[in-house]
Each structure stands twice: as C-alpha cells, then as structure tokens.
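Going by the order they are written in, the chains are A, B, C, D and E; count residues from 1 in each one.
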Amino acid sequence: MSEFLANIPFLAVAALICVALYIMMSQRNLIKVVMGVVILESAVNLFLVTLGYREGGVAPIFTNAPGTLMVLPVPQALTLTSIVIGVATTALMLSMIMLIYRHTGETDAEKSRKVKG
Amino acid sequence: MSKIVRTVAKLLTPAILLFGLYVIMHGHITPGGGFQGGAVFASGVALLIVAFGAGRVEQFLKEHQLSMLESGGGLLFIGLAFAGLATAFFYNFLVGSPIFGHVPAFGPNPGDIWTGGTIPLMNVAVGMKVIAGLSAIVLVMALASSKQGEDE
Amino acid sequence: MIELQVLHAIVPLLIVVCAVLVARFKDLISAVIALAALSLLLALEFYLLQAPDVAIAEAGIGAAITTAIFVIAIRATKRT
Amino acid sequence: MLRKVAIGLTLIAFGVMFFAAAVTIRPFGEPPSAMDDYIIEHSQQETGANNAVSAVVFDYRGYDTLGEATILFAAATAVVMLFRKRKDEASD
Amino acid sequence: MDALTAHSSILAIAIPLFAAFLTPLVGKLGARTRNVFVVVVLAFVEFLVLVLARDIYANGIHLYTLGAVSPSLAIPEHYMVPVRIVLEVDGLGVFMGIISATVALAGAIYSISCMKHETGQDRFYTLLLLLTVGMLGIQFTGDLFNLFVFLEILSISGAALAAFRTRFIDAVEGGFKYLIVSTVAALMVLLATGLFYGQYNLLNIAAIADVMQYTALDKIALALLIVALLTKSGGVPSHWWVPDTYTPAPAGTSPMIYAATLACMSTMFRVAFTLYGVKMSVATIGWLIIIAGLLSMFVGVTMALRQTDVKRLMAYHVISQGGYMLLGVGVGIAVLGDPQALAAYGREAVAGGLFHVMNHAFFKGLLLLTGEALFFRLGTRNLNRMGGMGRNMKWTCAFFLIGALAISGVPPLNGFASKLMIYEASYQLNPMLTIIAMMVSIMTLASFTKVFQSAFTGPELPEYKEVREVPLSMKLGMGILAGATLFISLFPSLVVNTIVYPAADALLNQAGYIGAVMGGG
C-alpha cells in the first residue's frame, strides 16, 4: 500500500492521460479537442520530470547548492524542449481552427463537414 | 479592456520584460535560460496585447520585424553550432578561451557570469528567437482574431 | 520530510481534478481558466520536484502564452 | 451509442495499460542514473556552466534544442502564412 | 573531401536548416533569386547524401557524435554509455535519405512555376526546406528523443504545407487532421521514450537495444511506438487522415508529404528490427503487421475505385500500396526468429518491401505531380469533367502513363520488379498472401485505366480547347521522378544489389547497429 502511495505522481500521469484521451475522443468542439492535446502534453511533461526526481536531491544547479546529490538534469532538459514544442503545435492548431471557423462558421467537428473523418 | 487592467499592465510590463532579460542572461548560472526568459518576455508582450489590443501594439511592433529578429536568432544559434565544426557540430569551442571561458571548480560555488563557453551566447540567440517567435504568433493570432470579430 | 511527501501526493491530485474540470466545463472560457490552473499547479509540482528551470518555462509558456492564445482563439470563434 | 461503446473500450484498454505501467514502474524517487551521473560530474569541466540543465540543453543535447528552435520557427512561419493576405481576398 | 565526408551526415541536415532560416531574408532579394537558392540548396543536400552513401557502402555505419571532442567517439572516454546525441546512419538511413532528397528536389523544382501565382511563397519554401530537414533528421538520428523532435518538425511543416492554400476549406481541414494525428502520435513516441528512460536511463537507440530486457514496460512502449508510427505511415486502421491531407496539398508538396510518410514507415521498421529485434515475440508482431498490410491494400484499393477526384483517388492508392510494404517487411519480421526461413525468403521479403518503398516514392510522387498538373491547368480535380487532355498535355500524359503502368505492376517497369519480390517471398510463408496481393494489383490497374480514359483520352471537351502543356519547371520536376522510375526499371538488379540489399541487411543486422555505438558487437 505504501508503495502504491509513493507512486502517486506516476498514477496521476496515468489518470491525466486517460482524461486527455477521453476529452479528445468524446468532445466534438475542436477547441476542446486541442485542450485534450494540451493536457496530454502536460501529462507527458510531468512524467518526464517525475522520472528524473531523486529522493533528497536538489536542483542540478551548482550555484549555491548545498551538495552534489542532485536530481537528474537530462529529463528537465527534455521537458523544456517538449514544453516549447507543445506551445508551437497548440498555436498552429488554434490558428487552423480559426480559419475553419472563418470558412464554415462552426468549430464543431461534425457540423463543419468532414473534420475528424 | 478596463482601465484597471491597463494600469496594471503599464506598471507590470516593464518589470516582466526586465525579468525576462535577466533570466536569459543568467541562464548558465541560475535557473533559467533562453527559453524561459523568452517565454517570460513574450508573456509580457501578450499582456500588452490583451490590455491595449493588437492594433495598438502592432503600431510599434511589426510582424515582419519580428520575423527578421527570429531569423536572426536562428541564424546566430546555428552559426554558433557551425563554428564548432572544426571539431564537431555543436562543439563548445569557447571553453578555456577569454570570452566566457572560465571553468569553475567542481562542486557548489557562487557562480561567475564569465563561464559557460558558447552557452551564454546560445542563450541570447535562443532568447531572441523565442521572444520573436512567440510574440509573432500571439500578435498575428490576435490581429486575425480582432479582424474576424469585425466581420460578423 | 513528511510534509513534502504529503505535498507530492496532493498537488498531482489537484492537477487531475483540474483536468477533469476541463472535461466537464461546457463554457470554453471556464475550461481555459481550469487549464491555466492546471498549468500553474504543474509549475508548482515541477518546483517541488526540484526542477526550477522547467517551472519557470511552464509558468511562462503553459500558464501565460497558452492561455493567451486560447482566449484569442475563443474570442474569434464561438464560446461554447 | 456505438461510438460511446468504442470510446469506453479504448479508454479502458489504455487505462489498464497505463495504470499497470504506473504501478509496476520502479518506485518514485529512485532513478537509475548511468547517463546523468556523467553529466553531473563532468558538466562543469566540459562546458563551464554551473547550471547543469543549461549544459544539457545547449551542449550535450544542443542538437535537440536546435530542433526545438526550428519547430518554433516553423510554427511562427506557419501561423503567419495561414493568416497572410491573399490576392483573392476581396472576392472571398 | 575527407572532412566533407566525415561531416556529411550533419551537413545534410544543418545546411537546409540554415537555408530555411535564411530564406525569409533571401526572399527580400526577389522571387527568382530565392527559387534558385532553394533549388541549389536541395541539390547540394542530394550531393551530400550521395557522398554519405559512398562512405557508408565502403566503410559501414557512419557515426557522428554532436559536440564531442571527436565525432566518431560515441561514448565518452572511460565511460560505458553514450551521453551525447549520436547520429547513426546505416544502409537503411542513407537509402531513405536518397529517396527523401530526390523527391524534395523534384518537388521544389516543380513548385517554382506551380506556385508562381500564390502569395506567401517565402514561407512556402521555408516550410519546404524544413520538411526536408525533418525527413532526413528522423532517418539519420540514433537517439529516441531526437527522433521525437524531428518527427514534430516534420509534422508541423507538413501540416502547414497541406493547409497552404487557405482559400480552400479542405486544405485547412486536411492540415488540421494531419497535425492532430501527428501530434498525438509524436506524444506517444515521447511517452515510450520516457518509459525507456525511466528503466535504463538511456536515450540512444543502440544502447537501449543493447540492454533491453523486454519487460512489461517495454511491451507497452512497443505497442505505443508501433501504433504511433503505423498511424503516421497511414496504415489501416488509422488511415482516415491520408486522403484528406494529400488531396489539397499544393504543388510539389504532396510527394514530399508522401516521402515523409514513408520515412515514418521506415522508422517503424527500425524500431521493430533494431530496437527490439528477436527479443520481441516476432511471429505475433509480424502477423499483426502483415494483417495491417493486407487490410490497407484492400481498403485502399476498394475506396480508390469509387473516387472521382483524381488526387483523392491517388491518395487512396497511397494507403493500398503502403500495404505491400507492410506485407513485405511483416513477412520478414514474422520469420526473424528462424534463421533458416530468414535466409530462404525473409531477407528477400524485407528487401522487396524496401524496394517497393523506393519505387513507390518515385512513381507515386510522379502520379501525384501529374494530378496536380491537371489541376493547375484545368482548375478541377473531378475526373468526370475532364477529357481528351492527351492531345494538349502530351508530356503530362506520358509521365502519367509511366507512373500508372509502374504502380499497377506491369512488366518490365519497376513496380513489377518489387512486387515480384514480395510475391515470391510471401508465397513461401502463406500462399493466400500472394493471391490477395495479386488481386489488389489487378484492381489497381483497373483504377488507373479509368483515370487514363477519363482524363487523357476521349473527345476533347470544348471548354479545355485552350489548355496548354504545363510550364518547363513542372515538366522538369516530373521528369526527375520519371527518370528515376525508368532508371530503376532498366537496371533493377543493379539498384537492388547496390542500395536495396544493403538497406535490408542493415535492418536485419541488429548486432552491427548496436556494436557501432557500444563497441564489441
């Protein structure tokens, strides 16, 4: 049981992924679908940072750190990259939705004809 | 947007922008760097756009200027990567040289801004790029959005 | 140390709650606010996980820029 | 109705998979660290940066960062392109 | 020259990237300068890839460690795992590199006249260069996270290009679908990367393959990777985005998006063969891929028979022909654990699948370009409103004939050669596979006969009397791909032996791939 509790961050990641998938599959409003993608991105980011956490470690910055027991730096770098990638894709998706709305007057996946096949 | 928001934006924006620049410059010794600083700076620009409207911001911050700045940042960044090509692409050739070349001792230390080799320069390049890229995205989307609003 | 463990349990749970709120809200602006709250809590969790670099980036990009572009996009389209 | 069942089944499949992964993955806070220990030990000598994350972002994995900057550039280009003025806009 | 060879892998990626950042500035100097600049850059990339290919066929796998003291030093001295990003190019990587660079060059040349009347051309060419970067990047990298990054570059630039003609609603919707599918797929790849990183603290493909234990988490990662990359390569059951994205893609970009799709497919093969290899339950995975392939073939071709939009029809053939590649390589995976069967027909099956990738990139690219040429001159893609174009557009007609005969597997064209290899190999695993594949081939021929009849033969329609042949640069773009198709048709054994078998062997030689990084091997 205590092991189960200790893994709460990982469980939260799993729950976030499920919520994101639910939003993406069940919502017909395209903006909501994009929100699902954003939550999925957040879940993956949280997963990466969680992977790098070391019990009792400090941030991997030597300036004024108390010692060299540090959390892992690589996942943090990966997460930085993935956050910026996330905002880039989100912006492009939202721009496309704005254009779809300009053409059809709808942001609903089914009303605006073919989107989502 | 209401007057309060504008006043707050007027007071807050310079601080946000300055903090963004600070974060970019000290990326190699304190938490932060080009991305974080650029994001903070761009969020200041976003605040301006929300408070004063995209039209007014566009009067002194043109989209094509941002495009140029972004291209410039990208070229500077990849140029620094190319500069290491004598050894390998992305080789940190400035470590040990007089410019940013000091090497700190291993372990915790108070930090020295003249360290990091190409890292501070890359931070600046990426900072330029992120500021320009994110601001351009927000600005263009806001302009398109306000235009779309008028159409209806 | 025990407080830290409690925090490590509570913040992720709050993040999940925010995600569920995003799914439940019909009004898009409310959903965006929930999303922004999720981003801020995520930044807090990153800080707790000793990742201040990522926390700054998430606060700047996730909470500010993403919210801004969502609001812009919603303003240009329908609200629900 | 069919759609709801399909969504439910997919969600259950993914849910079981991810929760199984979350429980079986190693305990939180005790990562293996073959690669990262090298960086913690050597980043100061090799790059001169006190911030190990910066060292990873711009030196050890600088190529990823280049890719990321490229993505931002591509997205900005794409957004500007999508909202560009068109010749036929008057007739639109 | 030696220095150029040593750095050729990174230069092939970095130079178009540099050029992409430069394109907005060069665009200020005028359209002609910019067009020449883009074409010269892509030609130089092609040259670099060929230099790299010569090196690899002579000296084996090419390693490039970014930022290291010496590029060939994948693992830091006195250490046991790779820390930096390593580019690892083997026979497969350079094989796909040649395809991508050639298609990109043809697409760019074709676009010059085709895009003349569009606005925003600077950005068009920037994105075109970035798409090339993405394709080469995912082929050359030896690092899982880097794979994710370049997959995203590819997705964003591909989606933006598909949506380029924003005046058409289909274009924006197609781009949006492509973007959603790609983003979710890329996030799945990232999740799988995280699963590996959490277990082994490694990101390098070779190093992970070396220590892989095939735990429950590895199985989940395998499922995520296969689903994600199968989706991106347009196989059934996640094929629905393909026609919507390809149909509206402008000018020379649809062959490039197609080449990007193939790049994703070859990445899937890389994951299956190199990352997992015999450690996974090969028969199950192999048969799953075979079934996906058969379904793709069948669904694609039956849907294609019903289409009246010329490019949409071709897009459904993209799905159907992708099935052949999956079938060929799937047969190879299914017998991976059985050395005897592997030597008897497994290697040939993989080679056949890869040969079909190459052939198809050229002739389907050609067909997509002819479809765009018809649209360029007629302003419609509807087959029922075309007719008699064979008289006015002789070149386009000839190019179309080459492509159509090749895709239907008519001897002596190259499509026949690669399909024959797949038939022979799959027959030995299960004769039913061959029968289905042949049936699909006949249906393909029927479908393209219909296109030929309605577009090029028959009475000349009065409203198209004034239609002329397409401009020179479009003919040139089509000509490059037609030339490549004809070259392979004339010298199939030469091409197979010099570049296809090395690519297949690179896939099958997992130990070699690992050993190049980890030493020993």
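For this structure, a couple of remarks:
Everything that follows uses one rule, which is that a residue touches a chain if its C-beta (ideal position, glycine included) is under 8 Å from a C-beta of that chain, and two chains touch if they have at least 3 such contacts.
Since the structure is predicted, the reported quantities are computational estimates derived from the model, not experimental observations.
Chains that touch both chain A and chain B: C, D, E.
Chain centre most remote from that of chain C: E (centre = mean of CA atoms).
Ranked by how far their CA centres sit from the centre of chain D, the chains are topped by E.
With centres taken as mean C-alpha coordinates, the chain found closest to the middle of all protein C-alpha atoms is D. Should one ask which of A-D and B-E has more C-beta pairs in contact, the pair is A-D.
Chain centres here are Cα means. That of chain C falls 17 Å from that of chain D. The geometric centre of chain B is 23 Å away from that of chain C, both derived from CA atoms.
If each chain is reduced to the centroid of its CA atoms, chain A and chain E end up 29 Å from each other.
Looking at chain D, residues 18, 21, 25, 28, 31, 33, 35-36, 39, 44, 50-51, 53-55, 57, 59-68, 70-76, 78-80, 82-83 sit in touch with two or more other chains.
For chain E, residues that reach two or more other chains under the stated contact definition are 17, 21, 24, 66-67, 145, 149, 152, 156, 159-160, 163, 166, 172, 198, 201, 203. In chain C, the residues that reach two or more other chains under the touch definition are 8, 51-53, 57, 61, 65, 69, 72-73, 76.
Chain E contributes residues 17, 20-21, 24, 66-67, 76, 79-85, 117, 119-120, 123-124, 126-127, 130, 133, 137, 145-146, 149-150, 152-153, 156-157, 159-160, 163-164, 166-167, 172, 195, 198-203, 216-217, 220, 223 to its touches with chain D in the complex. By the touch criterion stated above, chain E contacts chain A in their complex at residues 145, 148-149, 152, 155-156, 159-160, 163, 166, 169-170, 172-173, 175-177, 179-180, 183-184, 187, 190-191, 194, 197-198, 201, 203, 240-241, 244. Listed in rising order, the residues of chain C touching chain A in the complex are 8-9, 12-13, 15-16, 19-20, 22-23, 28, 31-32, 35, 38-39, 42, 45-46, 49-54, 57-58, 61-62, 65-66, 69-70, 72-74, 76-78, 80.
Touching chain E in their complex are the following residues of chain A: 17, 24, 30, 33, 37, 40-41, 44, 47-48, 51, 72, 74-75, 78, 81-82, 85, 88-89, 92-93, 96-97, 99-100, 103-104, 112-117. Within the complex, the chain B residues that touch chain C are 23, 31-33, 35-36, 39-40, 42-43, 46-47, 49-50, 134, 137-138, 141-142, 144-145, 148-149.
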